[in-house]
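Next up: some structures, all given as structure tokens.
Below, chain A partners chain B and then partners chain C, in two separate complexes.
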Partner chain A sequence: MADNNVLQISAAVLLIATFAVVSRRGFMDWLNAYRYQSIVLAAITALIASITGIWEIYIAAGLTLLIKAIIIPKILLRITGKLTLEVRTEISPYISIRASVLISAMLVALSYFLTQQISIKTDSIVSTFLPVSVSLFLIGLFVMVVRKKALSQVVGLLILENGLFLFATALTHGLSLVIEIGIFVDILVGIIISAILMSRINYTFDSLSVENLESLRDD
Partner chain B sequence: MNGNFDYFVISLLLTPVISGVLVTVLRKKRTIEVITATSMGLVLIQCLFLVYEISSKKSISAFGEFFYADAVSAFVILPIAGVGFITSLYSINYIGRQYDTGVLDQKRLVRYYQGFNAFIFTMLLVPLSNNIGIMWVAIEATTLVSVLLIMLYVKESAIEASWKYLIVATVGLSFALFGIILFNYANIGSTSPDDATNWTSLLRNAKSLDPNIIKIAFVFVLVGLGTKAGLAPMHTWLPDAHSEAPTPVSALLSGVLLNCAIYGIIRFHMISSAGMGSGFSGELLIILGVISMGIAAVSIYFQKDMKRLLAFSSIEHMGIISVAIGFGGFLGIYGGMLHMINHSVAKPLMFFASGTISQKYETKAISKIRGIIKTMPLTGALFLIGGLAIIGLPPFGIFLSEFFVLSSGFDNGQFVAILFMLVFLVVIFAGFIKHLVSMIFGTPEKEMKKGELGKLSIIPMIILGVLTIVLGIYLPDHLKELTNDASRIIGGK
Partner chain C sequence: MTLDLISVAIGIIQTLVLVVLAPLLTGIMRKTKARTQKRIGSSILQPYYDMIKLMKKDEVVSESSSWIFRASPWINFVSVVAAACFVPVMIFYSPFGLAGDLLVVIGLFGLGRFFTLLAGLDVASSFGGLGSSREMMVSALIEPALFITVFALSLTLGGTNLSTMVESATHSTVLAPSIIFAAISLFIIILAETGRLPFDNPATHLELTMMHEATILEYSGKGLALVEWSQSIKQIVLFGLFVNLFVPFGISTAESFAILGIGLMFFVAKTAFLSIFIAFIETKVAKWRLFRVPDLISMAVASSIIGVIFFYLK
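On to the complex of A and B.
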């Protein structure tokens, strides 16, 4: 039963880290929250590895720690270090911060509701982490839609991806290692490309607001 | 069982990789052009051999069941190799000209050819991998590589297009991954964990998979890969990306990459159909396909930009293929598969011609382009042939495949869908004719020097133009047999 408590607490910590992203305006806060979230995710992955006794999951946990908690934040910091505070901060999102927190809370409730609707096996790992992973997926999507800065879209994408990773680890004990490594490579390359693109957006438009990116249309 | 294909698949996949490395090392303009064209030639020869083997052995696998290809894969492998080779020839002229005029510098030229080789490699991985996880990784990799190719130009519109493409396609593919994890989960009880992500294993166990989970999983995969295939309403990135990319890349994006995404959808449609009949997934494919055609019809009719016109036409044709697979039945799928090939021949032809035209007229605006037939008779004629083929006039191939699809819909009693399709096809026909006539005939606005833009821009177009005409009149026996096989495999017989 001690195991069960650990699972519950770690799931709660993961959700708190996600809310830190929703409730803050500054990019440094998101980045720290994301780093914190990834460390917790790596710990959870290691925990699942020790419960199930599958050694491949330990490697996935290690890779999570290395890539998501260290390398990706470093890449994003390098790009954003050159930007001014104003460019990095989410000043007027489409939905206010207060409303965002409220909606995110509802998304968490929705995830618990949805995951109970599908008949999926119920061991303690699945029942604890499945709703949390779906919450991460939905909140990531929500952040991407309501924020105006290109940076927030990337952070949203990263949260969403963390949700997917947790989903796969909890439900199927991870896809096989070859696939996991492939996915990690894709994420890493994707982040590098988005970092290059963001610096070009900032250089060209003198801002990181995606509202500048609406000139291609058919009317 | 076919262990001897191990080396073959490795050699095929390594060809573009080695050529990419050589490009990085050697860097000289003429050298990297020749290397890329040679490597694409080698890829084409190997792929033709592979497809020949597929047509005689029905399916091949390598490294256990890690790689697997059957007649359905052949319909993606052929366009990758064929269009890849022809595009590498066209690039020499088009990209070379941009290098000469200073649009691209040495660094970007090398980056273009690196990206080109990497793009072909990632696309080849899609129809060859049996593992649905690896297939996902490959499809996501095609997004990343093609974003890099669109980013080649540092101008506002290209930055906008690549950002939208990167974000929309990646989010879409996350949905697909969600679905793939569910497929994997559904199969995990029936087989060993390593085997559970294999497509062949999923198909074998299709009957014992939990239908509720498969339904949810298929919807997620359809949304995800549908985004990548440009099916409406997830198509928003496509017109931007396809029109802002360098023209040879547009040809690859439209003529080949979309097929890869549709291929993924077909694979999952087969699993879903084998388990619970084709009703559920088929209906979804028909609905998305018809919506895509509708959106394309409106946008084509009122279009102002030549390359966006072609991009929306791609959305239309992906819609037709999706509807064809949804209708099902031997004839419908037969038409759908043939349509993939026909579109892969006609669309690159259109893009090549439009690239040459926009280099000559220095604009992409339809209203500013007049009298192509007077300034560039050959390009104008080929543009016209491509245009008439793409709207489905006889005797071109697309007419035939659209006819098969529509008649299969009649057989299945899908009258509502057919009615909508016919209306949209008429609108597209009218819109295209309107734009084509105004661009090809008439008199050029300003005095222009008459003349084509070099042999290497014409030869690829002539090859494709001849293919377009030939495929409408005569189907080679091997291709006919492959289409038969593919139709039987997808139909589950």
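On to the complex of A and C.
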């Protein structure tokens, strides 16, 4: 019972961290919030490892901490160092920040509702983290859709990836370590590619707004 | 819980403690803010001196004002003192809890706020009108967050009656996740209700952005003293609610003098700690643009909604 309570509180803390990422407008703000979210995620992974007793998950937790809390923010900071503040800040998303926070809360409700319909053999880890990971997934997708700047769409991708990682870890009690490392390399490469794309977009249009990419041009 | 003499006496003492200690809390917050900004600051008893000075002075009332302007400080004061009756301070119940619950406390605050706003409009100064419309906007936006938070809290703690809530908070051994979300939401609401910094700057006295200060700008003398006193009582009531609902540690469960004294000491320590914490936050953040205020309130709404979700779907 005490274990169960710890799990639920850690899930709650992860959701709070996710909302901190969603509600931030400036680049530095959400990057710091994303760092906190990754630290919480690493702590949860370590918690799962200590409950299940599988040592490989500890390595996954360490890798999460290293890659998501340190390396990815470093890469993003270095790439965007040359951009001006105006280019980096999400000024007018399609849906305002405050509405997207409320909609994200609704998405959490939706994912709890949906995962209750699935009847699978569950233990307390799965039943606690499955809805949270699905809600991270939905929130990430939602954030990617409603933001205008390419840089802020990356935050959606990162939330989504954290959700997927939690989903896999909670449901399978640890993927094979090779697959874990593959996924980490994948997200790292994804961030680097999107960073290169962003710098190209900025070079061509002098802004990171993806609206510029919507019209076809002849020349 | 019956209405015997001892419990009524305890209830009256609890209300008196809140009413008397309220300006001290304001003083502590001002002192902390001054120290964090590398100023020495005035003594923590300064709000008391201010009030005594104001009580001795004559009151200047605008000719164009009506009875509302003169009645409003009294209505405000009486409503916050009545709200203070329902809040447990050093023991886990309040004997007047038979007459009202958390919703009554919110309603009494609403009544006081309504008359403050009317008084701001009544004197027909442009500042008063501005302040009233701004404060009306914030209070209208706060309302949904407040009620969903109350909903989440009363689901988790078993009722809206404050005595029941604090009692079950005292006895609960596990920390329910919905309580965490309700605490975050209530914290934002308290910042808004007491006019703290991301919403309103309590230190300004003549500035275009002020909200609460603008509505009470025309008051002087005894009226001003009453208005300031009721504002600090409202603040200590909200802080007391927060600490007793979420950190009930140290609250006394028996009716003996020694334990009550310890409970009182814990209460003062906890509220002082909370007020110092809020003063630190105030030093750290700047006042937000009025149209960014809904961002923070939407955080409160979202947090309280998730609190309710965690209760139902865990």
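By definition in this document, the second predicted complex is superposed on the first by the 215 of 219 C-alpha atoms of A that agree within 3 Å, B and C clash if a C-alpha of one lies under 4 Å from a C-alpha of the other, contacts with A are read in each partner's own complex, and residues count from 1 in each chain.
As a working rule, contacts are C-beta pairs under 8 Å (C-beta built on N, C-alpha and C of every residue); 3 or more make two chains touch, one makes a residue touch a chain.
The shown structure was predicted, so the numbers you read here are calculated from the model rather than taken from an experiment.
Student: When the two structures are superposed on chain A, do chain B and chain C clash or fit side by side?
Tutor: Pair status: fit.
Student: Check whether A:S50 is in contact with chain B, with chain C, with both or with neither, and answer first, second, both or neither.
Tutor: Neither partner.
Student: In the superposed arrangement, does A:S124 touch chain B (first), chain C (second), both or neither?
Tutor: It touches nothing on chain B or chain C.
Student: Which partner does A:I193 contact after superposing on A: first (chain B), second (chain C), both, neither?
Tutor: In the superposed model, A:I193 contacts chain B only, not chain C.
Student: On the A-aligned overlay, A:L213 touches which partner chain: chain B = first, chain C = second, or both, or neither?
Tutor: first
Student: If we overlay the two complexes on their shared chain A, which of chain B and chain C does A:I97 touch? Say first, second, both or neither.
Tutor: So A:I97 only meets chain C here.
Student: What is the value, to the nearest 10 degrees, of the angle subtended at the Cα centroid of chain A by the Cα centroids of chain B and chain C?
Tutor: Nearest-10 rounding gives 160 degrees.
Student: As a test of reading the superposition: which chain, chain B or chain C, is in touch with more residues of chain A?
Tutor: B
Student: Examine A:M144 and indicate which partner it touches, taking first as chain B and second as chain C; both and neither are also allowed.
Tutor: First partner only, chain B.
Student: Which partner chains sit in contact with A:V108 here, chain B, chain C, both or neither? Use first/second/both/neither.
Tutor: Touch partner of A:V108: chain C, not chain B.
Student: May I ask you to decide whether A:I16 touches chain B, chain C, both, or neither, giving the answer as first, second, both or neither?
Tutor: A:I16 contacts chain C only, not chain B.
Student: Rounded to whole Å, what minimum CA distance do you find between chain B and chain C in the overlaid structures?
Tutor: 21
Student: Which positions of chain A sit in both the chain B and the chain C interface?
Tutor: Residues common to the chain A contacts of chain C and of chain B do not exist here, since the sets are disjoint.
Student: Show which residues of chain A lie in contact with chain C when the two form their complex.
Tutor: Within the complex, chain A contacts chain C at residues 1-2, 5, 8-9, 11-13, 15-16, 19, 23, 97-99, 101-102, 104-106, 108-109, 112-113, 116, 131.
Student: Report the residues of chain A in contact with chain B in the complex, numbered from low to high.
Tutor: 118-120, 137, 141, 144, 150, 153, 157, 160-161, 164, 167-168, 171-173, 175-176, 178-179, 182-183, 185-186, 189-190, 193-194, 196-197, 200-201, 204-205, 210, 212-216, 218
Student: Using the touch rule from the top, collect the residues of chain C that touch chain A in their complex.
Tutor: It is residues 174-175, 177, 180-181, 184, 294-295, 297-299, 301-303, 305-306, 309-310, 313-314 of chain C that touch chain A.
Student: For chain B, which residues are in contact with chain A within the complex?
Tutor: 131, 133-134, 136-137, 140-141, 144, 147-148, 151, 154, 156-157, 159-164, 166-167, 170-171, 174, 177-178, 181-182, 184-185, 188, 193-194, 196-197, 210, 212-213, 216, 239-240, 243-244, 299, 302-304, 308
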